[in-house]
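Chain lettering (A, B, C, D and E) follows the sequence in which the chains are written, and residue indices restart at 1 in each chain.
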Amino acid sequence: MLNQVMFFLFGAMIVIFSLLTVTSRKVLRAAVYLLFVLISTAGLYFALNYNFLAAVQLTVYAGGIVVLIIFSILLTSHVSEKAAMAPVKQSVLSALSVGAGAILTLMTILRFTFVPNPGTDPQYNITDVGNALISYKRDGYALPFEVISVLLLAAMIGAIVVAKKERIKK
Amino acid sequence: MNFNDFLTMRHELMLTLLALVVLIIDLNLHNRHKHYIIPITLGLFFVNLLVGFIPEGSNTLFGGMYRTNPLLIMMKNILNIGVFIILLQSVTWLKKEENREKISEYFILLFSTLIGMNFMISSGDFLMFYLGLELATIPVAALAAYTHHQTKSAEAGIKLILSSALSSGILLFGISMIYGSTGSIYFDTITKVYANTPLQLLAFIFFFSGMSFKISLVPFHLWTADVYEGAPINVTSYLSVISKGAAAFILIIVMFTVFSSLAAVYKNILYLIAVLTMTVGNLFAMRQKNMKRFLAFSSIAQAGFILLGILGGNVMGMTSVIYFVLVYIFSNLGAFGVVSAISTVTGKESMDDYDGLYRTNPKLSLLMMLSLFSLAGIPPVAGFFGKFFLFASAASGGYYWLVFIAVLNATISLYYYLLVVKAMFINKNETPLAFFKSDLATRAGLLIAGLGIFFLGFWAKVYEIISSLSYGIMQ
Amino acid sequence: MLTVGAIMLTKDLKQARLASAIGMGIQLIMAAVLIYLYLAERSAGNTAAMLFTYDVVWFPTLNIHYSLGVDGISVAMIGLTGVVVFAGVFASWQMEYLPREFFISLIILATGVYGFFISLDLFTMFLFYEVAVIPMYILIGIWGSGPKEYSAMKLTLMLMAGSALLLVGLLGIYFFSNPDTNHLTFSIMEISKVNIPIGMQRFLFPFTFIGFGILGALFPFHTWSPDGHASAPTAVSMLHAGVLMKLGGYGAFRVAIFLMPEAAHEQAWIFLILTSISVVYGAFSAIVQTDLKYINAYSSVSHCGLVLFAVLMMNQTAMNGAIIQMISHGLMTALFFALIGMIYGRTHTRIIGEMGGLMKVIPFLGVVYVIAGLASLGLPGFSGFVAEMTIFIGSYQHTDVFHRVITIVAASSIVITAVYILRVVGILLLGPIKDHHFLELTDAKWYERISTISLVLAITAIGMAPLWLSNMINFSLAPIVERLSSIQITSLF
Amino acid sequence: MADYTYTLLIPLIPFFVFLLLGLQGHKMKPFIAGLIGTSGLGIGAILSYATAFRYFVSEHVAGTGYTSIKAFEVTWLHLTDKLTINLGVLIDPISVMMLVVITTVSLMVHIYSIGYMKGDPGFYRFFSFLSLFSFSMLGLVLATNIFQMYIFWELVGVSSFLLIGYYYEKPSAVAASKKAFIVTRFADLGFLIGILMLSFTTGTFDFQTLTNPAGPAIASKGGAVFMGMSLLAWSLILIFVGGAGKSAMFPLHIWLPDAMEGPTPVSALIHAATMVVAGVYLVARLFPVYALGAPDALHVVAWVGGFSSIFAAVIACTQTDIKRILAFSTMSQIGYMMLSLGVSGFGGEEGLGFMASNFHLFTHAMFKALLFLGAGAVIHAVHTNEITGMGGLRKYMPFTHITFLIACITIAGIPPFSAFFSKDEILVAAFHSNKLLFAIEFIVAGLTAFYMFRLYYGIFWGKDRHYHHTPHEAPYVMTVPLMVLAFGSIFAGFLPFHNLVTSDGLPLETHTEWMIAIPSVLIGLLGIIIATVMYKSETAIPDKVAGTLKHLYKWAHRKFYMDEVYLFVTRKIIYRYISEPIAWFDRHIIDGTMNGIAGVTQYTSVAIKEFQSGKLQQYGYVFISGTVILVLIFVYLF
Amino acid sequence: MIQNIPLSYYLVISTLMFFIGIYGFLTRRNLITMLMSVELILNSVNINFVAFNRYLYPQQLQGHFFTLIVVAVAAAESAVAIAIIINIYRNFKSVDVENVDEMKY
């Protein structure tokens, strides 16, 4: 029961704050709504018993990305500034397209019967996650783990290249 | 892991190492000496290129996440060659004062994307695939925004990163559905269980949209022209040649393995997309005056031709796609190389500036003409063979009308390629671009491209090797 | 063995015109030697369909060969090419603007043509076809006159569209060349031994035939021809009308009809109607043109229409006529264009109304022009007569009434031809001199004489003694016609 | 049978002369060139006479008459298994006769031309063309098969074209040569189609096979029937169209008067004596096929001939250009010959017309050449063609006067001059065949006498005109040929033609039918008398007559507006309503379509450029919509 | 908790979120909010992965790790994107997407 309540709470929060994120006229508020969405998602992960993931979600997403975003918002616009909204035509067209997409996708998904893998439901703890992360056997994720480091390095350098001021040019 | 495994992953590891070496050297160099990085890097990359050719059999690592075989190595080598040419061609540009401080970053970013592509090609599951894809994209966005003082460059960067984020979101949604419906992210497992159900088809379409974005197929291509125009010329050639080639490689692998059970359906999709892509690409290319934008649209149209090979759905199709990409790399780099050389020296990128080029810079004009003819598929240069084999493989699948449409499109493409030829050779100009002499690296880059354009076609061995390798994979 | 010659010639870089003259001279001699050797072989009793074959596997997996060889027909065409190219080089002796590039392009064009005629493999054939087409753009675009860019573009695009059709046809043939054993081939000789499924033939034949037909100026796909010819420089017009358009006829015959006989029989009537329209229509159009080159271009449409027309008749005599007509028209029209170029070089106009009485001032060119004209309107003693008569008689031997009636329609073109030829001769050469500037014109230079005389000699040689040529072609035609006639013919009416 | 291979030389000598003069003539002195041409022809003439003599004397076989001999033959082009084009020499009575005619007239003309063309800058050219013509004409008559005939037929046409257009700087000459060529070419198309049909039905070109009464051509009776006549008949009619073109039969005669723009010797040779009778020769050559295979076709020949003869005679009465009068006279006389062939049957008495026709051909060649050469001498003297510009010349040019008078009397059919005999035979033949045709010919005989004497009086009688310089007699090199021909005109009638040239090769017994001969002579005399009254001295009678018959006169004077009709057809119909629309159609519709395709492509290119708006969100929108549409189509619609 | 709540609920939520994100991407004018929309999209995909993993194939942690990687990638992507956005701001003095249309047609 509690589970259900939590699920519906988080679910509702996700949908509502998502909507608010994309409709709010104030950019900063949108960022905050996004934060709520991400936190709710983390809640869902918790509820699904993926604690490590939830923690990562909270730290990286909520803690990292959103802060970054808020930072840049503060850098590029005034707090009180109202975001310009798209023209009606664009909104309606987008809504139509997106709505059609959503309906089609939902129809398709809901019609599909997902077959669970037979077998037990092993409860992973954080050690298992850690082991999997450095395993290079099947269902081990050492390689992606290494590669993501390259990616992060590259992203860092990329961000620096893009953002750094040029000394020579006036 | 043992030494052999390292050897197996040499393309990726060497590159990573290379990127780190560059970084370290860069940190230890005085600002005035930054340009020493260029020859060092070129040399190292050349070593890497050579090492890539060490023969190596098939292998699987990381429990199937990473796999390799001679064909994949071949693909990587092809990309390496392309990158090497691009590096050569970008030397002049990098030496410019404004880029002085960012030389090493350029290399590192370029190498990381290449690492990403290599991983993507070698990926044995969707996770590595996705990771490789992102690694191949995100740094490029930074590269696109490389030139600060140009608004166009920044615009290219934002357009690339945002639309690629959107596309990878959609792609990911598709992957998630694939995962949900099959229970695995490993290609080998999915191949066995994938079925033609609505959801799986939908997942495929989402996935395919995301991939189409990377190889810029209509209607997922719209970012291409803007980004190509805005990005620095060498990044543009990288995007149009290497990124696209890698994406085409992985697409054909995935199509032929993972989604082979959907073949009946996806061929219809490909048919539609191919026609759209060729036609729209050509129609847009016709009007372009900016050479980069022009080549962008031409490369969109070229992407449409690649689909013809996939439609063939057999060894021939696979071979022809790889062969075509190889030829395309050389041809496009020939064209981009010339544009780059001119643009770097004179800053001129408009087609009108090319009027009367032959009188002042005959060699560049000739190379440009050859490249364009190769792109248009005119014998005896290599492009003809590439296109011919693509058409042949589509015809082998019975798609005669598609071949017809494609060749008609090739004719339209010939029209606009000839416009450039016309500008260079026929149009009179009171003040053509002055004669200039490019530096050694640029000339080497152009020369390699030119040689490739000329000899790849006649040299049937290349095709045969690819064919035999593909044969090994397809069976 | 000929490609060696052809490739050897592409390396002329210095002293371009001398080199190309020598090169093309050698080529001409080689062509003559080839004809001689060919006849010697034949008289020695060698009855293989193709002689001097040379075959290397190029792309083994696709079974693409680089396969060359000649039979009587291609030998004849090579002879034609040799003469025309030779004359063309001399006709453009005075090229001033970028001469080196000009001759290189010209020779690439010639290489393509030679290659096309000696190819026994559809792939190489197609390759050479395109090799021959593309230099046209450059040649017309750079050295042309008038709306040259437009014409060059139009010509190239239309021919390329033709090759689009062609490619579909060729690929189709390839994939049905050996459906049972899965041993696909591009080789013409091998494909000719199998029967492509009739359904497929029906589909592919129009592609192939129209593909070649565009190059052969088949109505209504001929409009590239007048503009292209009008804008092209002299030598290019010569080569183009003289040789390149023959690729169409040759290909239509060698590929479309030879390899897909059933469909050819079934669909011939459509194309017969189109070609006979070409014949008459081209001639009528030529009557009212005022530009010399347009007149000749439309006349080419008419004459080349006759080639395709005869090919479609699919009996030995008519096909023989078609091939002689190709050669004959090649020579005549090359001569015409050479003369037009020379006259234009002197008077700086091609509008016939602005000229007159030129016979008086440039008698040599005038006389040759009259000879060319008479040859063109099918006067006995010149090659045109031989060709046309062979075609008409051959076509008229057809058992089907439709074919005979349409032959009469096509034959009526000879009158119209006479009308426009005489109109030009009358206005251009005869009558009083229109412009006193013309009085200062000089007659042909030595290189111009070489150019024209070599063509005139070829025309009269064929016209006077056609038997050896006809026999040579007949010998090679026989197996082809045999294959065609083995098909069950269902009459249309 | 004797060996006649040497006859090959008769056409070949002029050919080599042509090549020699054509290529090297400009380096020669004019007189040398003329001499070479003339001597070439002279040798030909001697050979011809020798051949004729040998043939007619030694080849006669009792019972079967003269056989035809293939003296030489070589395959020129191999067409089908059955059809080959051969070149060769066929010797039989008519070809031998033609040899004699051609070489004689040609030789005379050559000699004459040395004087006539003196001082002309294109002297060598003229002689080379003359040689070319002689070659072609001789090749034509010696043809062994119909296709060889066609080949030389065309060559004759072109040499005629070259000679008519000899004065190429004169626009009227150029136009005339063009007209001649195109009209005959049009007729040749009929000839060609006829050959095609004939070869299709019979499977041969060879004359000997074709004309063999037992051969396939005749025996088959022509195969399928089309529009009431057999295919054979149709093919023969078409072949006759070719002949009609060359022989200037109505309605293909319009080139002949204009052809008089050529030098007068040319008119004498080509447009009077030789080429124009090629049509007659053609029909004569194929006569057995006509007569036995398709009599229908022969009727056509007869009526066309008959109509042409009266048509031309009427016009001739009103013309003022002396050469044109002669031209129409020629047309009229050839009409006679055609008619004669047309009313003839094959063999025996029936074949009278055939014999008469050839006979008339022979005599006509003599006197008409004479007339033309005489006219040439006159023109040479007074530098005008117009009869109104002449008069009283008899005292200045006695030789010319006498020979011309002889010719006029001959043509009027007054015995014992040659044409009396030949014309008489024709009238007899016509009388026995068709009374209407006979009536026509009878009237024509009168008209002929009338207009010839009108011409004669106009030139040689009447008042002196104001000449630029006093006319003088032509030099001997010109008058000698006149005399030779006059001799021929007078005495040719006594040749035993009926024994030599007959339809089946057997001798034919003829006798003068006085019931026909006398009226014909009378009407000839009547014509002469009327002409004498009207034209001997200038009177007002001609004008009055013309006034009375105003419309007829005007129509006839304008040649019944045939030229205008042709002009209308060519200029208006072909040029304006066929060619120009086609050219327009080509430029605008077909080419327009091609350009239109390009235009549409361009337009589309511009039209869709808004997709590339530069707006990131729109790109995203297209992206998403694309995906959604793909899903919609392929997941839900398929 | 998975006993009481069907998988499809998760999927509905994630799909809705996905399309809301797309909608946001298509309509928000501010580049940063567009980036936020992208985060929504990625997040919805993550939910998918996690839910599938948990509900259907709990034996392996494939979805789990996929999510993990996607989160990391999203971070990298955001970093670069924000750097570029700031660059845009410098160049255009605006972060409105409508203004970033210098190149077109």
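For the reader, a short list of remarks on this structure follows.
In the analysis below, a contact is a pair of C-beta atoms (placed from the backbone, for glycine too) under 8 Å apart; a residue touches a chain by one contact, two chains touch by 3 or more.
Everything quoted here is computed from the prediction, not taken from an experiment.
If you take chain A and chain D together, the chains in touch with both are B, E. Closest to the protein's overall CA centre, chain by chain, comes C. When chain centres are defined as mean Cα coordinates, A lies farthest from chain C. Placing every chain at the mean of its C-alpha atoms, the farthest one from chain E is found to be D. More C-beta pairs touch across the A-E interface than across any other pair of chains.
Inter-chain centre distance (chain A to chain B, centres taken as mean C-alpha positions): 30 Å.
We define each chain's centre as the mean of its Cα atoms; on that basis chain C and chain D are separated by 36 Å.
If each chain is reduced to the centroid of its CA atoms, chain A and chain E end up 5 Å from each other. If you average the Cα atoms of chain B and of chain C, the two centres end up 42 Å apart.
Counting partners per residue, chain C has 157 as the residues that reach two or more other chains.
Among the residues of chain B, those touching two or more other chains are numbered 127, 131, 134, 138-139, 141-142, 145, 148, 157-159, 162, 166, 170, 177, 180, 183, 198, 202, 225-226, 287, 412. Among the residues of chain A, those in touch with two or more other chains are 86, 90, 94, 97-98, 101, 104-105, 108-109, 114, 117, 139, 141, 144, 148, 151, 154-155, 158-160, 162.
Contact between chains, per the stated criterion, is found for A-B, A-D, A-E, B-C, B-D, B-E, C-D, D-E. Within the complex formed with chain C, the residues of chain B that make contact are 316, 319, 373, 378-380, 384, 388-389, 391-392, 395-396, 400, 403-404, 407-408, 410-412, 414-415, 418, 421-422, 425-426, 460, 463-464, 467-468. If you check the complex, the residues on chain B that touch chain E are 126-127, 130-131, 134, 138-139, 141-142, 145, 148, 151-152, 154-159, 161-162, 165-166, 169-170, 172-173, 175-177, 179-180, 183-185, 225-226, 229-230, 287, 293. Put simply, chain B touches chain A in their complex at residues 1, 16, 19, 23, 61-66, 97-98, 100-102, 105-106, 108-109, 112-113, 115-116, 119, 127-128, 131-132, 134-135, 138-139, 141-143, 145-146, 148-149, 157, 177, 180-181, 183, 186, 197-199, 202. For chain D in complex with chain B, the touching residues are 601-602, 604-606, 608-609, 611-612, 614, 616, 618-620, 622-627, 630-631, 634-636, 638.
Considering their complex, residues 154, 157-158, 220, 222-224, 226-227, 281, 284-285, 287-289, 316-317, 357, 359-360, 374, 377-381, 385-386, 389-390, 392-394, 396-397, 404, 407-408, 411-412, 414-415, 418-419, 422-423, 426, 429-433, 465-467, 470-471, 474 of chain C touch chain D.
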